[in-house]
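Could you have a look at this structure, given as structure tokens, before my questions?
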Amino acid sequence: MSDTQGDTRRETAGLLEIQGLKTQFRTRRGVVPAVDDVSVSVGRGEVVGIVGESGCGKSVTSLSLLGLVTHPGKVVGGSALFDGVDLLTLDNKGIRAIRGRDISMIFQEPMTSLNPVYTVGQQVSECLRSHASGVSRKAARASVEEMFEMVGIPEPRARLDAWPHQLSGGLRQRVMIAMALICKPKLLIADEPTTALDVTIEAQILALMKDLRRDTGTAIMLISHNLGVIAETCDRVYVMYAGRVMEEAEVFELFDSPTHPYTRGLLASMPRIGGERGPRKPLYSIRGNVPDMQQLPKGCRFAPRCDFAMARCVESEPPLLDASHATGNPGGKPHLSRCWLAEASGAGGQQ
Amino acid sequence: MSDLTLGPEVAQTLPEPVWKEIVAAFARNRLAVVGLGILLIVAFVALAAPLLAPYDPYKVKLGEQFLNPSWNHPIGTDMFGRDVFSRILYGTRISLLIGLVPTLISMTIGVILGLVSGYFGRRVDFLIMMLADMVLSFPSLLLAMIVMYTLGASLLNIFIALSAVGWAGTARVVRAQTLALKNKEFIEASRAIGTKDIAIMLKHILPNCLPQLLVLFTLNIPDSILSEASLSFLGIGAQPPAASWGLMVAGGREFLFNAPWVAIAPGIAILITVLAFNFLGDGLRDALDPYLKS
Amino acid sequence: MSGALVEARALTKLFSVGDGMFRKSGATIRAVDGVDLDIRERETLACVGESGSGKSTLGRLLIRLIEPSSGSLSFGGNDLLALGSRALRQRKRDMQIIFQDPYACLNPRMRVEDIIAEPLVSHDVGRGKSERRDRVAALMDLVGLNRGFMSRYPHMFSGGQRQRIGIARALALDPKFIVCDEPVSALDVSIQAQVLNLLEELKEKKKLTYFFISHDLSVVRHVSDSVCVMFLGKVMESGPTAEVYAKPLHPYTMFLVSAAPRPDPRQRFVEKPILQGEIPSPVNPPSGCRFRTRCPFAAPLCAEIEPPLAGRGPDDERRVACHFPRA
Amino acid sequence: MGRYIIKKLLISIPVMFGIMLTTFFLLNVIPGDPIALMMKDHISVDVVARVRAQMHLDDPVFIRFFRFLGGALHGDFGISYKLNRPVSYLLATAFPNTLALALSAALVSWIIGIPAGILSAVKRYSLVDNFFMGFSVLGVSMPVFWTGLLFQYIFSLKLHLLPVAGFKGPLYLIMPAIVLGWSSAGTIARLTRSSLLEVMRNDYIRTARAKGLREIAVVVRHALKNSMLPVVTVMALQVSGLLSGAVITESVFGIPGVGRIAVNAIQNRDMPLLQGSVVLTTFLVIIGNLTADIVYSWLDPRIRYGNPEGKK
């Protein structure tokens, strides 16, 4: 992506505008607000990162868009405008037309995301033929082979008829990417695409995703718990915690001047390769545990673990406040932080 | 940033203790509760049969053969004038006994062999599994029939036959569970600590098989009951004048046309008891589901 | 090499791939193939490598949790392989292991109290139940767990807490040497830091020596004094961590260190070499140097002769197994 | 795949040998002298001795076993004590009837069981689900012999629709096949349902939905094929269940099958006939298991194509 560095201001009319998304899981022990009033936007051709620890609701957000949240989960509020169409109001037929064609997904576990009883070629061409009905079997097979070539699968023709169990994790993830891109979608949602892969294979897949985005202009929503992956791939980042967006910022802004204590805590607790710290110096660690989603604290959800918690934080939950003034980069993309500290530094609230 | 203190653990909201959750899940399944209710009644009847039975089930009264169901003979009388209702009450004893005891015996054998073959593997596993394949290759009824032929037809021999037949299924289930658990890290941890194999099998592997064994036990009992009934029906199980339901059905068979209740009623008793066990077993399986797959 | 608590020479472990009937049919996998290793007392030696590198197998070999196929292994100066079963059991008290998956390393049917007390029971340390309970309580304090939770079951704890229970169990017999098999890989970043700090603190307090297995290069960088890099059962390079990261000698190390994503957006403008190709199959590894099929610098020599793990630098501190080291 | 099947074939040989050994041991060694038992007190001692010698009953056990084994290998199971006819002949005439019964019952169970299992899995917790599962648990719980009598009572004695018993044509097969088929239909339906529900939880089902396929396509194309694998295995186990059931059904409906022969052989203490029918039945079960293994390995590419590159 080194060549986009010059022009981050490109006309990025909103491809996807998620506003106040709410998804809940009704369990016998009460309602779990997995995604609680989340607003995320993705521009055309933009790579947006959603980072957060397990259980923060990042995956559920993406699944809610495509109506893939299974029972007992249910989308209960908010809107998701994609090219002007609200995905959440579409009926089954409507959302199905978008899945795999306009928005496609790849998942974390390449080992189990492919059906063991069909060849990888069949599974990818099935995606193409289910959307482009006019395509013959032979034509589909040709474009699948071409797609395998594009995602860097060696000897693509031979691999068309390979079974999933004959391929390594890296190759399977490339097949998943091929399947996702075969219908030339406008948005690719990648849910922890490289978490299950080895480091060198992860580097290959991340490089591949960057090249594909440059060549095809597909926007990517990258979901990960790994701040390193987010830093090297994304243009803008949302940090999520306990079902809420805690901070939203342009990637350089976020890593150079994180404002929300949770983001700062995450960055500080990551061991670094640079190794400024010798092994003897302990890492900063955010104390306590991820909150129990059924008994969320009244005020700010991070307050119990926050070193800067004030009385106000415990009483009322802050909205997403504009923190760009505090970080001296007023003109750029919004830098929002759900923390009273942002307000204290004179930034106007963004209601 | 904050200091190194490890910080007090934020009190984890304590989820319900395990058994409370299981009971709650079980109670939600109406059929299972009905099954349990029926079984309690059947158990009570088995215990109190002598008190409950209006007539002596074995006393022959030639004058009163094939009386239609009436007030004092709720299900009429059979070909020897015996009260069918009383005989069914006594039959509960045989069926429950036959259901529980051989199943317990055969499952104990199955658990031991399953654990050993799953845990130690290789040759001993190969031998035990071949033995199990052999036993499973016999249709269960046929194997029981052969054992009856060898030992002679009697209730006691049915116990032996059913105990000898049933172990293979349990052995396979326990072996599969042991294999799945064996490479789990908590078993490796125990070995690293130096816990002996026997302790690992009894303290770590077996407790994790219990939920599945409980379900298996509940679902094996009806098979045992049906096997005894079938053997007795074929005349190679319980011998007259025993009040075995299967035998009663066989006895009433010739008189099906004019006295259908003699043959049909004991069959209904078998059906209800077996259904109750199946409902109970299914209910247990759903309630224990999160704990079944280790 | 004196002063090493754990010394391994040409340690090898073969697994037979086949349906395991009577005959040993099929091929064998050389999971760990002739590994030389020294771990100095009170030091952390990290072992980094991708899947199939044999790092977990090596960890289990060092504490004889699995039996080596060949090679020598000594602990605290005496030969570990020559010990009879009784002596071995005694020796094993000094060596322990902690695991990766917090949800699989604890028996879900046992109370935390019994889990931590199991080592005490197996070696019948401490007189009677009450003394053992006190020891367990002390261990729980040591690892930052609330002793009040002693009678609870594992499913009532978070991932981080379960990992602490595993550590408490490992410390029960006051070991000298602990193999940590990816102890933080399954944890979230914030919890990861807590456990890493805990391990560091315990190492000081209890004078421990760690063999720290991980695939996460930043964790290895933070935790270890020295590191050995493994690929397909062999050690490619070993040496003090800072130096190995700063000036990697083996091409594989170079690719590994550069491949690890860093939490710094400017990294995207740095042209980084990316290692192509797949991890070769362990059943029939490439001849000569096992890395040659993926190595962009491979020469015909690499296919013929397997490069030995040769020492470099002052007292052979840095060791590399490559005909054409990078520096 | 070849390796997998050869391995299964190799294993079944010692298993069959073990069965022959057990059967011989149970029927010959333990019960002692069959002739004496049969003839009891009517005939004098020396006649009994002469018959024993003629039938080589005094040879050491192993000799008798290997003679039995040798005979069995080329179909000779000796002479039936009671009917004084070669056992193989009697079995040959009875076998087609049992086969017809078992096959038609198997068909009934598949035709009813599999669709019922699929429907109740797809429409989980609905009325359809409850009905089919009720039907299944009833089938599994009803004693086959009692159901048989019930059907006879209703359909023959009362409604005169079907013949009570006997075996003179397809009409005679309807009731027995339904009675026997219903119980295994219950097993198949319950297993198909739980297997399908299990498969629906897999990641590749979510991938299929993410591809935009209709739910029907997801179930039929992706879930069904995978869920059929365990069902095929159970079909093999079902062979032994069906043969057990056949023994009873044949007795209830008077069908002259192998099961009936076995029952009569027991009552008449006719050892060779019983021995022959047991060996034949177990042989059928083993064939059933082998077929299921072959079908399973053909269906599951992980076994069929193995792993040429030895990938983990």
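Just so it is clear, A, B, C and D label the chains in written order, and each chain counts residues from 1 on its own.
Here is the rule we go by: a contact is a pair of C-beta atoms (placed from the backbone, for glycine too) under 8 Å apart; a residue touches a chain by one contact, two chains touch by 3 or more.
Computed from a prediction, not measured in an experiment: that's the story for all the values here.
Peer 1: Within the chain touch network, how many edges lie on the shortest path between chain A and chain C?
Peer 2: Shortest path length, in steps: 1.
Peer 1: Which chain pair is joined by more contacting C-beta pairs, B-C or B-D?
Peer 2: B-D
Peer 1: Taking mean CA positions as centres, which chain lies farthest from chain C?
Peer 2: D
Peer 1: List the centre-to-centre spacing of chain B and chain D in whole Å, with centres computed as mean CA coordinates.
Peer 2: 22
Peer 1: For chain C and chain D, let me know how many angstrom lie between their CA-based centres, rounded off.
Peer 2: Taking the average C-alpha coordinate of chain C and of chain D, the gap between them is 52 Å.
Peer 1: CA centre of chain B versus CA centre of chain C: separation in Å?
Peer 2: 48
Peer 1: Could you check chain C for residues that touch two or more other chains and list them?
Peer 2: 21, 51, 158, 161, 194, 197, 201 - these are the residues of chain C that touch more than one other chain.
Peer 1: Spell out, as numbers or ranges, the residues of chain A touching 2 or more other chains.
Peer 2: Correct list: 168, 265, 282, 284, 287, 289.
Peer 1: Would you pick out the residues of chain B that each touch at least 2 other chains?
Peer 2: 4, 6-7, 9, 12, 15
Peer 1: Residues of chain B touching chain C in their complex?
Peer 2: Touch list, chain B to chain C: 4, 6-9, 12, 14-15, 18, 121-123, 126, 184-186, 188-196, 199, 203-204, 207-208, 210, 291.
Peer 1: Help me check something: in the complex, which residues belonging to chain D touch chain B?
Peer 2: Against chain B, the touching part of chain D is residues 11-12, 14-16, 18-19, 22-23, 26-27, 30-31, 137-138, 140-146, 149-150, 152-153, 157, 237, 240-241, 243-245, 247-248, 251, 262-263, 266-267, 269, 274, 278, 281-282, 285-286, 289.
Peer 1: Any idea which chain D residues touch chain A in the complex?
Peer 2: So the residues of chain D in touch with chain A come to 202-204, 206-215, 217, 221-222, 225-226, 299-302, 305, 307-309, 311-312.
Peer 1: Could you list, by residue number, the parts of chain B that touch chain D in their complex?
Peer 2: Residues in contact with chain D: 130-131, 133-134, 136-142, 145-151, 222, 226, 229-230, 233-236, 246, 249-250, 253, 256-257, 260, 263-264, 267, 270-271, 274-275, 278-279, 282.
Peer 1: Quick one: which bits of chain C touch chain A in the complex? Just the residue numbers, please.
Peer 2: Going by the criterion above, the answer is residues 44, 50-51, 158, 160-161, 188-194, 196-197, 200-201, 215-219, 221-225, 241-242, 245, 255-269, 272, 274-276, 278-279.
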